[in-house]
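By letter and in written order, the chains are A, B, C, D, E and F; residue numbering begins at 1 in each of them.
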Amino acid sequence: MEINPILQNVLAPPVLFFLIGAISIFFKSDLEIPAPLPKLFSLYLLLAIGFKGGIEIQKSGFTDQVLPTLGAAIMMSLIIPLIGFFILRYKFDVFNSAAIAAAYGSISAVTFISAESFLEGQSIDFDGFMVGALALMESPAIIVGLLLVKFAAPNNRPNSRKMHLSSILHESLLNGSVYLLLSSLIVGFLTAFSNPAAISKMEPFTGQLFYGAECFFLLDMGIVAAQRLPRLKNAGSYLIGFAIFMPLFNAFIGVFVAKLLSLGPGNALLFVVLCASASYLAVPAAMRMTVPEARSSYYISTTLGLTFPFNIVLGIPIYMSLVNKIIPLSPL
Amino acid sequence: MEINPILQNVLAPPVLFFLIGAISIFFKSDLEIPAPLPKLFSLYLLLAIGFKGGIEIQKSGFTDQVLPTLGAAIMMSLIIPLIGFFILRYKFDVFNSAAIAAAYGSISAVTFISAESFLEGQSIDFDGFMVGALALMESPAIIVGLLLVKFAAPNNRPNSRKMHLSSILHESLLNGSVYLLLSSLIVGFLTAFSNPAAISKMEPFTGQLFYGAECFFLLDMGIVAAQRLPRLKNAGSYLIGFAIFMPLFNAFIGVFVAKLLSLGPGNALLFVVLCASASYLAVPAAMRMTVPEARSSYYISTTLGLTFPFNIVLGIPIYMSLVNKIIPLSPL
Amino acid sequence: MEINPILQNVLAPPVLFFLIGAISIFFKSDLEIPAPLPKLFSLYLLLAIGFKGGIEIQKSGFTDQVLPTLGAAIMMSLIIPLIGFFILRYKFDVFNSAAIAAAYGSISAVTFISAESFLEGQSIDFDGFMVGALALMESPAIIVGLLLVKFAAPNNRPNSRKMHLSSILHESLLNGSVYLLLSSLIVGFLTAFSNPAAISKMEPFTGQLFYGAECFFLLDMGIVAAQRLPRLKNAGSYLIGFAIFMPLFNAFIGVFVAKLLSLGPGNALLFVVLCASASYLAVPAAMRMTVPEARSSYYISTTLGLTFPFNIVLGIPIYMSLVNKIIPLSPL
Amino acid sequence: MKRLDLIFSERELDAIINTLEKANVPGYTVMKHATGRGPERVVTEDMEFTGLGSNAHVIVFCEQELIDQMRDNIKADLSYYGGVAYISEATPL
Amino acid sequence: MKRLDLIFSERELDAIINTLEKANVPGYTVMKHATGRGPERVVTEDMEFTGLGSNAHVIVFCEQELIDQMRDNIKADLSYYGGVAYISEATPL
Amino acid sequence: MKRLDLIFSERELDAIINTLEKANVPGYTVMKHATGRGPERVVTEDMEFTGLGSNAHVIVFCEQELIDQMRDNIKADLSYYGGVAYISEATPL
């Protein structure tokens, strides 16, 4: 009974394509998805997630559950980086600790849609407004990470690089993937509001194509993740442990917050997955620019090489059983 | 009443995505759609427009209205460059005047499909054969532009670059985007004629996907247009004024020609938009090769940085109200 | 009656787009599909063919006809390179003979899907398990080619390049396109088995989009093939003759094997097309790495510049009439 | 004339180009999508989709004095974000 | 041996390659998708979809005498369409 | 300091990078998607989708002695698969 949902998750096309991507690296196949094709799919997924999410939010309106959930999501993305920072400071300097912690406070959109696919496969309902939580959790973690650098870093950073609040906000809100997700969400919202006929015209692109494009992107993610994995050796066992422990820990906090919010099992899983997932798009891009002292191989290899595959393959079904245990099914 | 259609146009997904592309530049977001992804969408749109247009032309046949409309379209694309040339010669040399004028005589396929989307949003009918007009208006303007250079240019052009009629025809008919549009049109026509079952097999690709792909491409166009805008400063106010005045002027002529042709409001709008739009694909590519004396930043920054956004955002609804005023609605 | 199916084949969109690609080169149009866009479509087609094939195989199960057909397919891809090798050895050294022969023993997936499109156009049934034959015919030909080099090559190859069985298997099974096709087939099989609901979620991507993507890719193939054609001049008339004779010869053997297998006309055509087509993906990539002594312009220009267009435009209808003559229609 | 080769993360491109423009170099060429390994960081094309970008390779043909003028600014950029700069001889055709 | 660096609009590529082939250079390398700024024109990758193309960077390793042979043809092409050409020293490994 | 330019088929990239890493070069830059013509083979970007790949252009700035160390390995790779290698002078900025 415990192994069943894991197997069922592994046998879904997105996860299978992720695995064949990863396996291709272990077998040294020369399968390659050359740049910028992965970027095409990543842009597409962000645009489609945002657009569909905006429509759903407009449709459902701001019901009782929406605002508390969004507030809790923001809170989690502020707290998790702080916890992570203190755990990491045992072994790493301020720069690396802040950068890695920020990544774990932020989210991975592809992990989120994998969880949605998992729920659809299990015929469990969830609400479109959870995409709002996704969109709102990206920036706060970046802000916390940069503030940690600003206040905890030694004073000898070059003068010209003093971080001003404006540049912190710029990096956290105008980062390419944050911007595309947020603005597509607004486009979806406005469209649903003023131009509902256009929704069905977008549907083949943002809706029907989505699952296949997700599979194609995950094929590439499998390749990239498997290429990253060996680099973790240099990172040491503390970081490797962190990359598995942290998502589990965050999921554990997340499930209790979800219970407090009285989320249904579908929304609860998505909430937990947002807490447990780590960013490999927005945060690394922002950190590379603003905290070059941190080693990008640390925060990328952990999030992409370990946490992401863990969540996709094992994490989601584990979190689901966690949700089922902690949150009793309310009668309809 | 006048502001309503403009707002409605602005709130359609293609225009919204155009705007968020442009805004990303103003806010210095690092959102980027790397080459050659925009080329993918531009090739796709030309192929799909041509293919669907060819089918429509085959279906509708060459009715009374078709040939006069196509003839008038060709005529407009011969006359507009001449008018533009004389307006521009006040301030620019022969090379720049001819190149810019040719761009305004030719058309922008994306402006055309934005007008189609606008009409669909307003539930106004239009005919598929208008794509024929689109296809036929690209080349004549290039020919006029090159002939103007051939005959009006000073005699000191390097000998080896004397323009022969054959090379003028080559540039105007075999330019990549002209060729793809025309030949896809022929493929569509032949398919509808000999193989109608294949139409529905193409439909998901050329039909259903179209609107979403248009949005994605317009996101990129917003980025490119906003990057181009500041360069207009160097071009001077005369050219900036030209980039707004010329489409309005051409639209004004266009609407009277449309009236003479007794086009319905949908076809009339498309005709007017063809007159008012300026080319940033075929003409610049041709001029870059054959008239290197002209500064490409002039003819690209005007068409792409000003005329294109103007048409997409404000022009189309303005032209629609122009059409509604000048062309009285005939009873059904 | 003989010319009719050829004309009908030529007037199908995929072939028409192939032709306009080729014509663009003859007319020196600057139409270009820049890298890596063709790779996107080639990856997509392999993934979609494999996925759909895996589903079909799972659905149909291993009926009476399946195993003998797959066995015969493997046998053909072992025998054809041997025959080809002896024909080529009259004029070429061991390296070139083995490389070219391997290409003709292997298959072209795009020729295969063109044949499927042809059958659909003619409303002739065929079975999904034929994709299994496609997948199984790629590797054996590579193995035979490399074994020919291993045993027939002069002894003076550099030591470090001695071909071990392991590296032969690696090149033949883990080549990017072989791997993607085979693993997508497995994904399709597992999905149909454990997760049938996911099939319809993939359908818009792998199914509906397929025909249009095929057309787009064939547009590029037309460009590439026409660019390759002139290079055949250097290859000499023996090789040019081989590139036309060999597919016809292989088709001829293939049709009798298909008769022995009692395949229906649809499956028979696909079987014949697999025999007659030559690889321009997996085999050249493998040979380039393992037999650099062979001139890649030989094995690519023949397969891509001549055999592929021949099969697409003329071959398929010719093979169909061959099938219809040799294999009498069994009563339903 | 000299040839200046600059290789650094694409994300620095705007800063470097600003420096070049301010020094009024006669021109420059930018090649994006370069990958590589420097003493500290590894960059591969595979990560491009993450927005990390890959490297840019900038070539400038110009006089030595222009290079001297830009030296400090370029070095500051490169020392912060990483990257390398080398000068060699070049003669116009 | 010399190294010849040519940078110019992709649209000229055929003409330049013709010149190289006619001079029987031992080989050449072409890198497309280069962007940059020259004294007159600005080229960015963003415009690639318009068919304007970006720049090509061509490297030729060859003897000085071959360069002398091609000089006039290359200069003619570059002076018409724009682009730059520089020579430097290079030794085979 | 020296500048080493290596141009060869992308398929050899792993082998060459192994050689560079083993010699502990201070860094290197890789530009893929290069095309060109050598004395034997023609490579065009159009063939990239076949998996044949195009060429890679690798630039290494390093000391002469490192080059001497790697010479034999690099030459062996290039002589088997094709490709060229040239050395020129370069001074750090």
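The rule we apply is simple: contacts are C-beta pairs under 8 Å (C-beta built on N, C-alpha and C of every residue); 3 or more make two chains touch, one makes a residue touch a chain.
All values derive from a computational prediction rather than experimental measurement.
Colleague: Need the graph distance between chain B and chain F over the touch network, please.
Modeller: Between chain B and chain F, the shortest chain-hopping route counts 2.
Colleague: Would you say A-C or E-F is joined by more C-beta pairs in contact?
Modeller: A-C
Colleague: Name the chain whose C-alpha centroid is farthest from the C-alpha centroid of chain D.
Modeller: If we average the C-alpha coordinates per chain, C ends up farthest from chain D.
Colleague: Determine, using the mean of C-alpha atoms as each chain's centre, which chain is farthest from chain F.
Modeller: B
Colleague: Between chain A and chain D, what is the gap in Å from one C-alpha centre to the other?
Modeller: 33
Colleague: Just how far, in Å, is the C-alpha centre of chain F from the one of chain A?
Modeller: Those two chain centres are 38 Å apart.
Colleague: Using the touch rule from the top of the page, what residues of chain E touch 2 or more other chains?
Modeller: Chain E, residues with two or more chain partners: 11, 31-33, 45, 48, 51, 88-89.
Colleague: Any chance you could list the residues of chain C touching two or more other chains?
Modeller: Residue numbers touching two or more other chains: 30, 34-36, 39-40, 175-176, 204, 208-209, 285.
Colleague: In the complex, go through chain E and note every residue touching chain D.
Modeller: Interface residues on the chain E side: 4-5, 7, 31, 33-39, 45, 55, 57, 67, 71, 74-75, 84-89.
Colleague: Would you mind writing out the residues of chain A in touch with chain C in their complex?
Modeller: Those in contact with chain C are residues 8, 11-13, 16-17, 20, 23-24, 27-37, 40, 120-121, 204, 208-209, 211-213, 215-216, 219.
Colleague: Can you tell me which positions in chain A touch chain B when the two form their complex?
Modeller: It comes out as residues 35-36, 39-40, 43-44, 47, 51, 170, 174-176, 179-180, 183-184, 186-187, 190-191, 193-195, 197-198, 201-202, 204-206, 208-209, 285.
Colleague: Along chain E, where are the residues that touch chain B in the complex?
Modeller: Residue positions touching the partner: 9, 11, 33, 40-42, 44-54, 76, 80-82.
Colleague: Okay, in this complex, where on chain F does chain D touch?
Modeller: Spelled out, the residues of chain F in touch with chain D are 1, 3, 26-33, 59, 61, 88-93.
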